[in-house]
Amino acid sequence: MFKKILIANRGEIAVRVIQTCKDMNIKTVAVYSDADKTALHVLEADEAVHIGPSDPSQSYLAMDKIIGAALKTRAQAIHPGYGFLSENPEFVEKCTQAEIVFIGPSAQAIRKMGDKITSRKIMMAGGVPITPGLTGSHHTLDEMGQKADEIGYPVLIKATAGGGGKGIRIVHSQEELSDACESASREAKNAFGNPDIYLEKFFPRARHIEFQILADNFGNTIHLLERECSIQRRHQKIIEETPSPAVSPSLREEMGNTAVTAAKAAEYVNAGTIEFLLDDQNRYYFLEMNTRLQVEHPVTEMITGIDLVRQQLEIAAGNPLTLTQSDISARGHAIECRIYAEDPENDFFPSPGKIEFFKEPGGPGIRNDSGIYSGCTVPVEYDPILSKLTTHGETRDQTIAKMIKALKSYIVLGVKTPIDFLIDILSSPPFKEGDVFTNFIDTHFSTWKPTEKNRDLACLAFLVDEVCKKKNRSTDGDEKKQPPGPFHTLGNWNL
Amino acid sequence: MEYNLQIKDKTITVEMTLKQDCWLSATIKNSPDDRTDYEQIQYGRISDHQVRLMVNGQQINAWIIDQTDGKTIIIGGERFFIQDKDKLAQTQTLNPRTDKGPDQVTPPMPAVVINVPVQLGDIVEKGDTVVVVSAMKMETSLVAPHGGTITRIGINEGDKVMPGDILIDIEKNEVDKIEIN
Amino acid sequence: MFKKILIANRGEIAVRVIQTCKDMNIKTVAVYSDADKTALHVLEADEAVHIGPSDPSQSYLAMDKIIGAALKTRAQAIHPGYGFLSENPEFVEKCTQAEIVFIGPSAQAIRKMGDKITSRKIMMAGGVPITPGLTGSHHTLDEMGQKADEIGYPVLIKATAGGGGKGIRIVHSQEELSDACESASREAKNAFGNPDIYLEKFFPRARHIEFQILADNFGNTIHLLERECSIQRRHQKIIEETPSPAVSPSLREEMGNTAVTAAKAAEYVNAGTIEFLLDDQNRYYFLEMNTRLQVEHPVTEMITGIDLVRQQLEIAAGNPLTLTQSDISARGHAIECRIYAEDPENDFFPSPGKIEFFKEPGGPGIRNDSGIYSGCTVPVEYDPILSKLTTHGETRDQTIAKMIKALKSYIVLGVKTPIDFLIDILSSPPFKEGDVFTNFIDTHFSTWKPTEKNRDLACLAFLVDEVCKKKNRSTDGDEKKQPPGPFHTLGNWNL
Amino acid sequence: MEYNLQIKDKTITVEMTLKQDCWLSATIKNSPDDRTDYEQIQYGRISDHQVRLMVNGQQINAWIIDQTDGKTIIIGGERFFIQDKDKLAQTQTLNPRTDKGPDQVTPPMPAVVINVPVQLGDIVEKGDTVVVVSAMKMETSLVAPHGGTITRIGINEGDKVMPGDILIDIEKNEVDKIEIN
């Protein structure tokens, strides 16, 4: 096993990788930009290397700087996390040239799966069902329009590169097509350096179901069951769970086998995810393969009891999988909520700033993966994900109740978060019934406003805070004497 | 004492009487017809950012932080931004957050201008995209708050912009003005 | 199910019970003494009732006050936690009289099992093996001496009432017997109000292995596997784990069946624990039955995936067990460390005071059950347990490594804790090999002193803290201007 | 600057030189023969209770709290109580924690006296139990720090006692004194 690895990422996922490294007695090297000098991932690592200015292109995306940091600190391998360089085949090649192990798949596999068109072709050839749509690159607007007419609106414009909800547009009619293509192409170019887009059928009532797979260098490929990731805003997941309420045992087996087939067709090694679309007729289609650890991997870890980062490290170190498909079974139900720094009342616009106070809920069946602490700063330059809250219970109902409880005790002061929005989704009848689909939020929550049940109490708390501050100030003259906390002067209130 | 608190576009009047031993009573008026009496509330501070209320036997934990011109308060997963209207008036900085925005084209946070799809003299309708900005790697369209003619474009693509910067001026059309009057 | 229950306890176990109640939408009523006005269990409950002065006899042991609080708040049931009134049959009877459900066994079962002599007799009659020793009450010193001579020294003096390590003495020779009996009897009288003691054989190399059982009102009794609780100081457990490294699958089945037999012999209902002694010849003996939730229940919850408090509530509400023995299986390994406010360098003497700062470790496979927060006070009047840290991993080695990592990130400032001592135990070869027994600490760690590997660094940190404070003070004049945090003025340090 | 720090019964001398941009170098002398040079240490404060050091490329997080006459510092799960000897001397309160105890019968924390198994005039040996106290429901025996004769018993059963209270005086026997000299 490696003695020391570098983590080419930041935030909660870098902290997550460090956790498993500490479990395995592997030393860790963090990298950081100007904006992240005191970020949590830096504090948690054994060593930390500054790699440049805050702009990602000059730090977390600067391949040579990161490889230089690994060489300088004698890190034997690099874990890319998700985002940034995690799906960049050129980076994998540069690692190989520098004789550093890339903890992930081969450059070739990333390249093939990273291009949506190539991956669609490979899956078609492997007998994996794909969504109706285009399978060539560099389509003219006319070709796009023609295909859209053929498969019928609404259609989805997608960047052939990248992921993470960037470069995606839903188009409901021919008139919108031109603008949507232009805007998606521009966003794709900015995000991935590649303006190419293509088109596929949009299923408004479909679910997003993905299968976690693990594959070693010895031809062993297994899946670790599914994740239901249908609850999305701005085409980005915010609530994920497993098992999916829509997947029966027989469908699970069929889709799982297809996922393994797909991973093998891609000649894939390490941890990856096969994303499927499941329509309201229970037909499923290959959407894309994510050639990295997913944001939502904790739900899989909680129900299978398997540490996916440990598996990634073992595979990258050249060890064979010790798990077989029959070792994989689900226990209970798990749900993850992503806590972003964003304003749910204002179209989820990012809300960077200083975290003045942070308190996570604890107790049985609750897991926090977070990249922040009281007093840290959330920079404007990076993705707004702060942390992930995951709950695990015996049944879906119990797990939802536990998540609502945990969210109510999740305190972030200083930036806005969608915690109240998440509570309302989890409490809603369609979510409770498991009747979710990819435009669930647009359908049920497009006009969401906070209910403000506690508005009166908030007003009272506002005034009480002022009153307590005044009382403390009035005793400030006598410094030695502890100002009597209000509850020290309490009478007995209830008996 | 009577306090006037501002939450978004709502003003809430609280009549509060402090009593001995950290007890208080209060009447909250959301509107002339909507008033609630709270008798015998016990209160106390737990830490810098936490106060506790006991209301009708129920314990309420509130998490609080002072911010410019107001406080953010979290109770039971709900977040509130509350301002003291009278205090704001005294300090002559009355600018409840909801006052800005509707009539101005300004980014809600620090951002970079990606695209300006309008030109000087263009006539736009309410809701038309006039600037596209990007922040935390996300594109957002800023739209015309009302119909009218573009009379000034204060930014170029690539500019870094801040909340409060007025990026574009739109003069209302005569027709709109008449309709408003 | 109950709509509202009262929790007749404090600290981490009261918080633990509240957690499950919130998951089940059951309202909770906390009770508190003067010392606990702002204790965490009070803050976490929906309602809180003051029940008296800090002295436990006037608050947490004051049965009528607690029942009065339940009646006043219309709580339908009382959860006793562990300690305090949890094994007091009189309290159960008073609950019944007040038509409040006691969440636990019947008064009769508690009475029978609470008296060690009666329980030994019942187990003998039921065919359950017991340790050699006395089985009558009110023994004279002569009788004690005679029996000791018969079974051979060392022997154990034990209180017939109570538990938790109180009223226990190891006696190595006849000369020590008289003093030990007197002191144990006095301690027993103070702790349990009953001075009776008895004597049994002491096995110096034995393990303490206990089985969790669940029994409903319909005659269904199952066990939830074992816990190894051999690591004890002052006869009180500090590290528990499951599975036990000493228990083979066949021994597990045999002991599990015996535990179920024992619970049935006691006509037991609700959650309970059968404690066995396992000697170095793999012979096991019934020690006693704990008729309540155990401190160490989280390790069982983590490997079985079952919430024991939820099971307690379901059984108390009159519902049948939905689990059968075949539903119970272990996944992975779990270890719990108890974090006491105590000084491991000074014979584990309690260390009450104000918790100035508290930070728990997070991440996959780590569970915190705690009763404290930054700024709270640990009163001198109660047991010094602050919290329990539990880790869960795929194997014992992984779980130990995760625990050591977690302990190193567990920060308690203001009172002393045995964290460094726990790290040294977990890192020691005999513990790693699973070669543990009840006087493990006396054998291997009786002269323990901190290794102070980081002493030089601590000296540097001391001076750096002073330097940073001086820098901040020198910029205090300009309040508006944020004093530049040292890392804001950092150069790039490594590239 | 040179500092003399006290950890338990050990005095450690640190020669520290502050440099620009939060760098320092230091030499730590545990004894005349045991000295370690630390060059190029970078340091900074993370929060009220956390400082960070970078020593030879390794990051060290230290958790710190000011207490009476010293600081408690936690690094890597180890806890240290450190005092500045020179500062203590200045404030004339030099009383390192290890100085007390060995020669006095005093409880280590607030406690209640449970039993006093000795009487005035009794001759005791070092290690004999002279007082039994209880705190946090745990009985602890306080033992004679040296052999001698009980010359004073300052407490009764049931008394509440505090650290620093001298519960019992034991006068050393002549024989012991000779042995010591």
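When the chains are written out, they are named A, B, C and D in that same order, and each has its own residue count from 1.
The definition used in the following text is that a contact is a pair of C-beta atoms (placed from the backbone, for glycine too) under 8 Å apart; a residue touches a chain by one contact, two chains touch by 3 or more.
Not measured: the values here are computed from a predicted model.
Novice: Decide which interface, B-C or C-D, involves more C-beta pairs in contact, and give its chain pair.
Specialist: C-D
Novice: Which whole number of Å gives the spacing of the CA centres of subunit C and subunit D?
Specialist: 30
Novice: Distance between subunit A and subunit D based on Cα centroids, please, to the nearest Å.
Specialist: Averaging C-alpha atoms per chain gives centres 49 Å apart.
Novice: From the mean C-alpha coordinate of subunit B to that of subunit D, what's the distance rounded to whole Å?
Specialist: 55
Novice: So which bits of subunit B are touching at least two other chains?
Specialist: Answer for subunit B, listing residues that touch two or more other chains: 44, 46, 52, 54, 57.
Novice: What are the residues of subunit A that contact at least two other chains?
Specialist: Touching at least two other chains: 38, 47-48, 73, 485, 487, 490, 493-494.
Novice: I'd like to see which chains touch which, written out pair by pair.
Specialist: All chain pairs meeting the touch criterion are A-B, A-C, A-D, B-C, C-D.
Novice: Going by the contact rule set out above, which residues of subunit D touch subunit A in the complex?
Specialist: 44, 46-47, 52, 54, 57-59, 61
Novice: Quick one: in the complex, what on subunit A touches subunit C?
Specialist: On the subunit A side, the touching residues are 15-16, 19-20, 22-25, 37-38, 47-51, 65, 68-69, 72-73, 298, 301, 305-307, 331-332, 360, 362-365, 367-370, 393-394, 398, 401-402, 405, 485, 487-488, 490, 492-495.
Novice: Can you list the residues on subunit C that touch subunit B in the complex?
Specialist: Going by the criterion above, the answer is residues 38, 42-43, 45-48, 73, 373-375.
Novice: In their shared complex, at which residues does subunit B touch subunit A?
Specialist: 3, 5, 7, 12, 14, 16, 18, 21-22, 24, 26, 28, 30, 36, 38, 41-46, 48-49, 51-55, 57, 60, 62-65, 71-80, 82, 84, 108-110, 114-115, 134-140
Novice: Please output the residues of subunit C touching subunit D within their complex, sorted ascending.
Specialist: My answer: residues 166, 183, 186-187, 190-191, 234, 341, 343, 346-347, 349-352, 356-357, 359, 380-384, 404, 407-408, 410-411, 413-414, 416-417, 419-420, 423, 450-465, 467-468, 472, 485-487, 489-491, 493-494.
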